[in-house]
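Common to both upcoming complexes is chain A, partnered first by chain B, then by chain C.
Then we have the complex of A and B:
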């Protein structure tokens, strides 16, 4: 699944570890989500969306428009 | 949401004299406790030894408790830690528990190995030969009473990415066990191979589980 997490994180000048702290996950988890190796659960996707004040669809894209 | 300034508070704080002194004290207690356990094991193994096994077992239990207490103190002090990356409380707890389990495993392995080596076989730990009860009983107690508690707390602290990695390693290990064990058993019954070795299968399964888990979590 494609996502804009890395871009959104960079806009706020956060490291992966800092984002992990805000989401209560590890730096490895943030890296895995950013690189598409781990698709977040729905609860984590909602946490991410709330943190960036965006909808889930604005951050994650499954390739089907 | 936790503020970054709050999380970073104290990250670069230099180790104070009190912290260093406490770390040295805990380290010395740990070393003495390990030495006591090894010494007790060797004393029981000595040919012609008339050591009172229940008393030695009690002393070993006290030494293991002291070792665990000093390990806990070292984990809290973290004298080895430099500037750290920001980490959520749950992630930090999971990492600390994983480290504690690793140290505990290393201590257990060392104590068991040294207890077995004195039987004049360098690979005695991985054989089916007899082992001294004074070494084995505390090891089993730690394995069955302490490690499950650490594991339970660790499972309550990990995030979903770690859960997925753990499941990946677990499934790979389950498949290895499910395929290898009956094949070895059947081959043994046909007279093709020696009898199945429980510990060989266990080590292979745990090895694959660990490799799969760590590969999945860090790829």
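Then we have the complex of A and C:
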């Protein structure tokens, strides 16, 4: 699954650790999501969407239209 | 999530635990598994021994499940998925390697005994953890 998490984080000048703190997950979890090694659960996807004030589809893309 | 519990359940702590476990199990397998299995004492009737083993297994599963229920809230989901995936990899690897050993080497080298199987399980879980940390939880 592709995502725009790294771009959105960079726009706010947040480190992975800082984003992890805001989402209540580890820095490694943020890194794994950004590099496509981990797909977040639905609750975490909602938390991410709320944090960036966007919809889940605006951040995550599963390759299907 | 309390800060201490969060730190205790961070991926880094798990990396260290599995590195130590992996090295420990490899050392055990290298140094101790060469000893032959002790002679089996024929004291218990097979049915009673089987029932005891099943009871022990059921108690261990109940205890482990209860522990996991409490622990899950303290870990972030990435760690949880990494642990679950690596445990699955380790379990399949253990079953396969024990079966192959039984089929190919047991007659000549001897059967696997208790602590060797435990060391194999921990080693397989550690290797599964390393693999999952490198490749991720998706693929």
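Before moving on, here are some points about what is shown:
What we mean here is this: the second predicted complex is superposed on the first by the 65 of 65 C-alpha atoms of A that agree within 3 Å, B and C clash if a C-alpha of one lies under 4 Å from a C-alpha of the other, contacts with A are read in each partner's own complex, and residues count from 1 in each chain.
The working rule: a residue touches a chain if its C-beta (ideal position, glycine included) is under 8 Å from a C-beta of that chain, and two chains touch if they have at least 3 such contacts.
Being a predicted model, the structure only gives us computed values, none of them experimental.
Aligning the shared chain A places chain B and chain C in steric conflict.
In the superposed pair of complexes, A:26 makes contact with chain B and with chain C alike.
A count of residues in chain A touched by chain B and by chain C gives the higher number to B. Of the two partner chains placed by superposition, only chain B is touched by A:17; chain C is not. Of the two partner chains, neither chain B nor chain C is touched by A:2. Look at A:44: by the touch rule set out above, it reaches both chain B and chain C.
Residue contacts after overlaying the shared chain place A:55 against neither chain B nor chain C. Once the two complexes are overlaid on the shared chain, A:36 sits against chain C while remaining clear of chain B. Overlay on chain A, chain B versus chain C, candidates 42-50, 60-68 or 168-176: the clashing stretch is 168-176. Overlaid on A, the two complexes show chain B and chain C touching the same residues of chain A, namely 24-26, 28-29, 32-33, 37-38, 40-41, 44. Partner chain B is touched in their complex by these residues of chain A: 15, 17-18, 20-29, 32-33, 37-38, 40-41, 44, 51.
Within the complex formed with chain A, the chain C residues making contact are 1, 10-12, 76-79, 81, 135-138.
Interface of chain B with chain A (complex): residues 1-2, 4, 7, 85-91, 94, 159-162, 164, 217-219. By the touch criterion given at the top, residues 1, 24-26, 28-29, 32-33, 35-41, 44 of chain A touch chain C in their complex.
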